[in-house]
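In the two assemblies presented below, chain A is common to both, partnered first by chain B and then by chain C.
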Partner chain A sequence: MALLEIKDLHARVGERGILNGIDLTVNAGEVHAIMGPNGSGKSTLAQVLAGRELYQVTAGEVLYNGKDLLEMAPEERAQEGIFLAFQYPVEIPGVSNMYFLKAAVNAVRKQRGLAELDAMDFLNLVQEKMKLMEMDQTLLNRPVNTGFSGGEKKRNEIFQMAVLEPRLAILDETDSGLDIDALRTVAGGVNALRGPERAMIVVTHYQRLLNYIVPDYVHVLSQGRIVKSGGKELALQLEESGYAGLGIEDVEEAVGRI
Partner chain B sequence: MTVVAEQTGRWLDQFTQQPAAEPWLKELRDSAFQRFLELGFPATHEEEWRFTNVAPIARTQFANEHLNWETARGSLPTTFFNGKYVAAALPEGVSLGTPEDLKAHLGKYASYHNHPFIALNTAFLRDVAVLRIDRGAVVDEPVRFLYGAAETHPPVAAHPRILVLAGAHSQCTLVETYAAQGKYFTNAVTEIVAGEGAVVDHYRVQSESTEAYHIGILQAMAGRNANFTSHSISLGGLLVRNDANVALSEGTEATLNGLYIANGQQHVDNHTQIDHAKPHGTSHELYKGILDGHATAVFNGRIIVRKDAQKTDSKQTNKNLLLSDDAVINTKPELQILADDVRCTHGATIGQLDAEALFYLQSRGIGKGEARDLLTYAFAQDIVDRVKIPALKDYLEKVLFEKFHEHVG
Partner chain C sequence: MSSTPNSLETLANQEYKWGFVTDIESDAIPRGLNEDVVRLISAKKEEPEWLLEWRLKAFRHWQTMKEPTWANVHYAAIDYQDIIYYAAPKSKKDGPKSLDEVDPELLRTYEKLGIPLKEQELLAGVAVDAVFDSVSVATTFKEKLKSMGIIFGAFSEAVREHPALVRKYLGSVVPSSDNFFAALNSAVFSDGSFCYVPKGVRCPMELSTYFRINAKDTGQFERTLIIADEGAYVSYLEGCTAPMRDTNQLHAAVVELVALDNAQIKYSTVQNWYPGDKEGKGGIYNFVTKRGACRGVNSKISWTQVETGSAITWKYPSCLLMGENSVGEFYSVAVTNNYQQADTGTKMIHIGKNTTSTIVSKGISAGHGQNTYRGAVKILKGAAGARNYSQCDSMLMGDKCGAHTFPYLEVKNTSAQVEHEASTSKIGEDQIFYLRQRGISTEDAVSMIVHGFCKEVFRELPMEFAVEAQKLLGISLEGSVG
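Moving on to the complex of A and B:
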């Protein structure tokens, strides 16, 4: 049985249709890259899978481990092993990173029938993962993402993923805004988590990230549909000829058009 | 007889039946009661009371008896019971004030001329907690004032009064706590004088019953280079009005922190006034409100910078979190700036729980209810963090946690 099966998924925000029939099957152990120009629906797909209520699913179904994913609340999905690394991690003043992560770990453990971790066990767990992400331990005592640099926020996302050990990780533009060193660290953290039990969906606009996180499959999204699928060479082809080479219009931000 | 006269007239019997007092006190009471009769209970067409209708207080016939005596319990050295002051052991460096202190200071700061509830309190002055902090004394242990009331029919009205005279360069912490059961009316007035260079931290933790009426007035006079802080935590009460006023002198630093949490039919009104009378004063004010159910709240922050108060630096912030569609907040800054070389900033926000933050927490496995609690608690966190008494901080964390837990259910 596939870990994730998306069938003819349609979603919209307000009156605007964004996903117009997505079909995708992801098996345990696989890494799938989803690429596409701005506005193609990549982030929407990531958010819909995590359960963001902003988006209305109008048709189709999603099976996760054979269960109806769309019926589940966001926290249930997380407890079942889905993790979304946010494109824009949210700042939460007043809640320490430590408290937040401990609450998350224990919510997931509770669902899996495991005992809650006490402060000491928790600290041992996170220290190891912080080392992996080259993160300063003072980040634990700071409020969640508050005043973090862009790079710190992205590292914090992958750090959370490392601690929560999901079965299906969805990385939404985790590379955006990272310098090459931060990108290597983030990719290293992601690669360390690759394994036969775990699947990943890597959403990105650029091929650059895929030099470091090498996907098994690449899908190109345009106007809410997957228009082309292939192996990792498809990403390289995109790098060569751009989305235009596939006949897809990619409207870049005016400042980026150089 | 007009309606107002009927309402104030209810208090006449009680007033005339008070035990006799020394001439100076009798004179003060008489004059305050006279003023109360003239002012009457405030009406909502008066700007100061625009959003707070005190008709339920005005309409109720209260008893004014000191029904029970109770000595201080546990580690609470100073207790009011139905407005009756019970003195017990005081920390070193703190002494009971003398009758001369009373005569010289009582009513000199909290003026009854324009405030009917101060007038009413002053008219019923009987047992005043007068404390003197010795010059230069550093009092580590907080001086606590506990207000309680017995549940009675008719409900009791209590008019507790505190006067604290903190000597020059002294340092002290004062904690007023209000908590009781049932229906009653607390009408408390506190006057604090912080002498030159004194450091005074004042806490008011209002956890009255949700049937209670509470009027709490704080009037502080902070001397040259003094540092005065007020923490106003308002959790209970059906109809609540807190006035926290501070007058600054040259080089004075004043901090006003406030947290008000209301649910159901609760109404809580916070009026603050920071009066910069002399140059080089600094004031910081942060009030935060969390409102749920049909609760209503008012924040009115007046800052006066008088002509002489050059180089004043003043910052006011009021933030509100509305957890239900029916909760209402009226927030208003009121700046009166007469000096020209000053820095004054103010800001107010009203918002709901951040949907993105909520989703972020949920996406990590934290249930929606717990996520809401966590964000609500986080909103109040910075005010709780400013509480410097560890036991009080722990208590507040516990109370807030329970509070936000129950409404999510």
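Moving on to the complex of A and C:
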């Protein structure tokens, strides 16, 4: 059974259709890259999979582990192992990163019938992952994402992912805002998590990230539809010819040309 | 007619008889307020002559006063002649017989707060005869306090046993003519708490453990007086996180605190009176006068309050900073949801030299709630070197609620330093979704965000209380986002 099966998924905001029939199957152990120009619906797909109620699903079906994913509340999806690294991580003033993450870990553990981690065990777990992500210790005691730089926010997302060890990780533009060193570290963190029981959907506008996180499959999204799928070489091809080479209008590039 | 004692008629007659007796008792004082009623209350409580005179003076003054209208709260006019000002303690027979008869909504909340079953019964007013652990625990505490010379008990008991102390301090911080509601309270107060901590004594426990339970029937006109003698320290907790229901709509309490040289009083409140239903019907009107006098040098009074209940809250815990180097603090979280209205804040009156005050107010509005911060900082001529720091933050949930801030400032000494910060923020759907995406429930997410917002206040609360207060906030705001 596939870990994730998306069939003819349509979603909209208000009157406007954004996803116009997505089909995608992801098996455990696979890494899928989703590429596409700005505004093609990549983040919308990621958010719909995570359960954002802002987007209204109008048709289609999503099975996760054989279960109807669209029936589940966002927190249930998270507890079942779906993790979304946000394109724009949200600031929560006054709530320490540490406190927040402990609550998250224990919410997930509770759902799996495991005992809550005590402060000691949690600290050990966190320390290990912080080393992996080369995270500054002080970030743990600061309020969630509050006043973090763009790069710190992205690193914090992948750090959380490393601690939560999801079954399906969706990374939305994790590379944006990272310099090359940070990109390497973050990719290292992601790669450390790859394994036969886990799957990842890596959303990115640029090919750069895929040099570090090498995908098994690449899909190109345009106007809410997957218009092309292939192996990792598709990303390289895109790099050379641009989206235009596939006959896809990249709004940003178009604007750039004017 | 059957002669068995269990026959229906007998039972019915008995009930009738009980009912009849009860009626006579509570009818002993008819509705309304006049001098005779004040005399009757005093007589019922077997009070000394001086206290009756004190009440009468307050009553006569009250008659000349007008209900204040400056607060940003709106309610139907209160008919003060339609209130019963003295009711004999309620018979347990009137209460529910078991938790099965209690409003399930209330029980659900108790459960969420993690209140033990026995305590739930007590709070819900279930008629139980068993001796509670807490009662014997209370007795042990009382012995311990007594051995240290600390007086702590019901106000009426203090009037009987320590009349000189009560007479010396009663009304010395909140004069009976202070304001409309304080005057009313002074005339008709039912009971309350009294605490005296002698020189140099540090009260070894938070005065709460049994107060929390015993507080439940103190009635609508409560009177509290706390005195910390030179070098003494006391931390006092008032209220209860469990929702409290009361058939009396009007509550007008008075709290007076006196701190002498080097003394410190920490007064923490969690107020969760019935706020009315979702349409705004019912609910308690809470008009409270709370004031502390830092009379001595280096004395300190801290007010910390978490206000989630009541339909209307009118409350300004204040400090008179008289002693040199004395310190006043006010930390407040006020939540208004549905149709609740709160007008709350503080007054810091700097009289002595080098006095300092800190104000941290966090207002949270949801639903149609209206939240007003009203604070005054007055620095009098003699208060050289006085300092004040005020911070007023408002959080809005949804777009039908309101937050208002009215800081008043009066500085008569140029050496004073005054600082004021204010902010308004909205709790975002994106914040909630972010937390839910990490496996945290909406309810916990709201409570976490709100807790982050209120952090500076919560850390002033005694540990155990802070945990409860955080849960309470989550419950009060349940369903207001998402």
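Quick notes on this one:
Criterion: the second predicted complex is superposed on the first by the 252 of 258 C-alpha atoms of A that agree within 3 Å, B and C clash if a C-alpha of one lies under 4 Å from a C-alpha of the other, contacts with A are read in each partner's own complex, and residues count from 1 in each chain.
In this text, a contact is a pair of C-beta atoms (placed from the backbone, for glycine too) under 8 Å apart; a residue touches a chain by one contact, two chains touch by 3 or more.
Quick caveat: nothing in here was measured; it's all calculated off a predicted structure.
If you put the two complexes together on chain A, you find that chain B and chain C bump into each other.
Contacts of A:Tyr243 after superposition on the shared chain: neither chain B nor chain C is touched. Working note: chain C versus chain B after chain A overlay, options 23-31, 77-85 or 95-103, clashing stretch identified as 77-85. Common to the chain B-facing and chain C-facing surfaces of chain A are residues 50-54, 73-75, 77-79, 83-84, 86, 89-95, 100-101, 103-104, 107-108, 111, 143, 160, 164. Those residues of chain A whose C-beta lies close enough to touch chain C in the complex are 50-54, 73-75, 77-79, 83-84, 86, 89-95, 99-101, 103-104, 107-108, 111, 143, 160, 164.
Within the complex formed with chain B, the chain A residues making contact are 50-54, 73-75, 77-79, 83-84, 86, 89-95, 100-101, 103-104, 107-108, 111, 143, 160, 164. Chain C contributes residues 425, 428-431, 433-442, 444, 448-449, 451-455, 482 to its touches with chain A in the complex.
Across the complex, chain B meets chain A through its residues 354-357, 359-368, 370-371, 374-375, 377-382.
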